[in-house]
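Right after this note come the structures.
Okay, so chain A shows up in both of these, paired with chain B first and chain C after.
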Partner chain A sequence: MDPPIYYSKAEYIETDTGNKVSRRATIAGPQNIILGGKTIISSGAIIRGDLRRTGAGHAVVISLGRYCVVGEGCVMRPPYKTYRGNFNYYPMKIGDHVHIGANTVVEAATIGSHVEIGKNCVIGKFTIIKDCARVADGTIVPPNTVIPALALFAGSPGRFVEDLPESTQETVETQTKRYYTRFQPLDR
Partner chain B sequence: MPPTVDYHCPCLSQSTVPPPPHLPSSLHSFHPLHTLFFCEECDAVRCNRCVSVEVSGYYCPNCLFEVPSASVRAEKNRSKSPCFGARCARNCFMCPNCRNTLSVVPSDPPDPGDGRIAIPISTVGEPPFFLYCNHCRWDSAEVGITFEKPTGLAAQLQKFEDSAPDSLEFERLKEHFEPVIRASSLSSSTTANAPAAHPSSAAHSHRLRTNSITAAASAALARDIPGVSKYNPLARSGRGGGGAVGRDKTTNKDEMPEYRSRVDIASASGRGTGGGEADVEYMRHLENVSEVANLEQRWINSWATSLQTADLKPLRIPLHSKRSKRCPACAHILIKPEQKAQSVRYKIKLVAATYLPAITAALPHAQDATNADTAAKRTLGKSTSAAAADDDRGAGGIHAGKTYPFHLALTNPLYDPIQVRLTVQRVHSSASTAAAASEKARRPPFAVSLPSNSFAIAAYAEAWEYDLDDEDDLDEMFGLDDDDFGVAGRVPGREGAKDARGGKAKVVGVLEKKANMTVVGGEVVIGKEARGNVKFNMLVSYTYRSDDPAPSESNDAAEGLTPARAAAAGAGKPPETKTFAFYTVVDLGPIIPREEPRHVDPDF
Partner chain C sequence: MAPIRDKYTIHSKAVVCQDVELKGDITIGSGSIVHPKATIFAIAGPIVIGSGCIIEEGAIIVNRRKEVMRIGDDNLFEIGCRVESPTVGDFNTVSTRARVHHTVRIGSYCVVGAGCLVVPTEDEFLDDYTVIYGPAAERRTWSGRGKVQEADLRRKHAEYLREMLPKFNRLRRGEGS
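Up next is the complex of A and B:
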């Protein structure tokens, strides 16, 4: 019933697993980024896979699950800190069915599954967001914040507002799946 | 704003007919589908406003530690303000200034070497340690709170808190009232047992499951305020209650000794606890407004505290709870979360979305308008479409005096096909009073037409079947479902379902069927003088195949909880089908009044 969301076919690259990545997005260090499949990286997004942990060997910097959307102009940057005198970046892990709104800056350590993050948010360093949480538009989440499961956070600094309904998981899952099916190419 | 469809919850009210949509009370009895529950026993919708809620576990929202209920119940729970509930007793603190979580930092943050001020984040370093807010840069050293080691902060802070005047006063109060509570809880526990002894309904005995403290409190209320006792649920049914209250009057009232506070209130202001002349003096010499702590920063304290921002103390984080929910009528569990605090799974989860068809409303003309807009944006202003979009700006609105089609998409969550019938609720003019007449005049005059026949929605198939999202597959599957349905659809009175198919050109009727979703079209005629929202109540009744044996149905009908089902039984339908009916309110959005452009014109 919902109308399709059209994108220009020339702009997006579709992978075998159904990821759709805009050519206008900046993907740094793609070898360190994992996309779970059916994930959309919108135009203007910046994903910093190059900011990896020091040391030899392969390192996953940013991993996204299935049915995620990284909105237009989003910045995804792994968190960093100086621990015992050593500066280091730390990996960022994001679950399935996570939508991140336009122009949001994410420096979280962990984002669970079925999480909705609004547009124009700042998710501070080492933030932990548990499953089915929601961050309202324009929220500033300070560093080291923990957002519990099924909580709605809003404001500056982001604070707990209310518990989300028990059916949030199903609602978000259908929404993200529907969004992916609606996101259709347009030849022009 | 897109059109919305909300579902009615009668909230145990006797009449299942919802209030008319233009009344403000309508807002409170309609809820979005995903917030509602469904009780299988009562066969009824329940909402968050009517379910009974029990705490099944506590956890700290910051450290996510699950706090055992026993330690929450334990005295005081290390809470600074005892009357404001349980707090995390570990190392979690909130900034008193901005309510952000505080972190423990050493007093010598490592120099990053680039000349910038380091933001201390790690707990490694030299003592003393203090609490620091990452957001507003408040730190506990400002108010003289520092720690020898970065662990066990709660214990280290405990001695400050225990010596605070408010906790001392609370201790004293508790000491004073403890014997009184003990005495009255003894007497009222006998009261509570009396009515429960004789046979009563399940709901009633559930209500009586109260602890001795509530019993004592209500007994005290009944004793001190004349006339309250007759509203007391404990004393309502039976002479036993009344007698006990009478006994309380004679025993307790006289024994209560007079309470004397620890600090005389008249002299309190002089000792920095706030209030009186000291505050007036302070405010008089105020230079910066931020020196005064605002109301939000102060009002969670149970004690009048100092007005000064400089005196704010770090706050302990209030615990959150996981809650199980019960049906208010039959006390069956509707929601039972898993024990683990951060699990989003439930042992029992009876939500309405798995029983009732989901309905979404759409205005095709509004969608066309937005589509044209986005198409224009996408093609970066290719001449024709952009011009078209500019022409009909505001085309998405509903104008008075016009006729609009609308779509309702119904999605079947059941594993069996269902038959649905939609009816617009007539606003019944029960009495021809002046009030009703004036109401009628105010009501936005619009007429809604919906398909009068019942129509079918195919069964829900597991999501993975759709995941292939191949159009051919979908069609095939859907074709199969339809055949299935043909068998079930032989029940008399349902012939209208299929004939509307294929008639895509018409406005009112079934427009589209796709998997377990059916789109029906309706039409709304807006009156010339209409204003307000196009908002109407719609009765949705659906027939489904039931697994229950026939006797249970007649039982339910006898209970009178669902008139719809009673009607189904009465009509002599085959026992394997059941009908359930519920009300929804459809809000298609505000009407743009006709006068508006005329008002604008003279201004220019």
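Up next is the complex of A and C:
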């Protein structure tokens, strides 16, 4: 069917749960990051697990579900605000089957499952993206936006464009799974 | 052209991560924060950064001119922005993915919105409280409401980062190291 996407074996580290993380990605504070399994982190991505919430206890800063893809040059960092006079970063949660395109900056609070985010987007602080939503390439989503389920957002500032079909969940799921199987190492 | 001489003067209270690209004559003031993967290039003239500035990952600050590029205090340069302006005042915000050309001088309390391009062909000065926003880089003036809160947030942010970043990142010290 689809041709495999090859990567050099030396570049990626594969974990027991099938996560593939590029050595060229910058991952700060890895002890605060959870990857669900079969997640791909491409080269040049920056994931900021060091910006954790202050206070006692073990803090999860960024959690990604299964079959996620973080594109090349993406920046993922948790959002911050002051609450009752205290400055803090707040954790970022991302569901399963989430594709994030290349060079996108994500500062969302929550991203649901089966979400597709295009290339070169800016997702503002504390954005909430519900399940099966899609953000078109180059969209600038202002801070505190809520993107409802099955909606397509595009433009600058990102606005609702149309509803997506109810089959989105299945199509995105098969797509992300296929992407993972296509993503094969090449010995050289 | 003479080769670029590297000379970094980093204040002892500044937090500059190891994974930062510096080139040329750069002075970073007290309490300023440079996140990993930021880039500061003093190609022609030196760059002087004031105190309490935050430079996030992927931000690029370039000086293409001969004279000193002065950046004031408490500025925030967000992820992936590119600033080449010869002077920057105090308390400005350059948002994610914005680009400011070398023809623009920035006053104080200005905001350049996410993804805005400020690339005029002639020299220009951005007055204090100018806000640039939207895909067409429209402008208006901020009334200054909530200025104290904004300044407070900026200070707390810097304070938090000064405490947190050294716990997870290796730091760079001044003079050649």
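Just a few scattered comments:
What we mean here is this: the second predicted complex is superposed on the first by the 188 of 188 C-alpha atoms of A that agree within 3 Å, B and C clash if a C-alpha of one lies under 4 Å from a C-alpha of the other, contacts with A are read in each partner's own complex, and residues count from 1 in each chain.
In this section, a residue touches a chain if its C-beta (ideal position, glycine included) is under 8 Å from a C-beta of that chain, and two chains touch if they have at least 3 such contacts.
Everything quoted here is computed from the prediction, not taken from an experiment.
Contacts of A:105 after superposition on the shared chain: chain C is touched, whereas chain B is not. Chain A has more of its residues touched by B than by the other of chain B and chain C. By the touch criterion defined above, A:80 reaches chain C but does not reach chain B. Legend: residue contacts after superposition of the two complexes on their common chain; A:26 is shown touching chain C, with no touch to chain B.
When both complexes are overlaid on chain A, the residue A:52 reaches chain C alone and has no touch with chain B.
When the two structures are aligned on the shared chain, A:157 is found in touch with chain B and with chain C. Residue contacts after overlaying the shared chain place A:124 against chain B and chain C alike. Overlap of the chain B and chain C interfaces on chain A: residues 81-82, 124, 140, 142, 156-157.
Of all residues in chain B, those touching chain A in their complex are 34-35, 59, 61-64, 98-101, 103, 110, 112, 121-122, 124, 133-136, 320, 335, 341-344, 346, 349, 351, 353, 360, 362, 367, 370-371, 374-375, 378-379, 407, 409, 463, 467, 469, 517, 519. Chain C contributes residues 19, 36-37, 57-58, 79-80, 96-97, 114-115, 134-135, 152-153, 156-157, 159-160, 164-165, 167-169 to its touches with chain A in the complex.
Looking at the complex, you find that chain A touches chain B at residues 1, 3, 5-8, 81-85, 114, 124-125, 130-132, 140, 142-146, 148-151, 156-157, 159-160, 163, 165-171, 177, 181, 186, 188. By the touch criterion given at the top, residues 26, 28-29, 46, 48-52, 54, 75, 77, 80-82, 86-89, 105, 107, 122, 124, 140, 142, 155-157 of chain A touch chain C in their complex.
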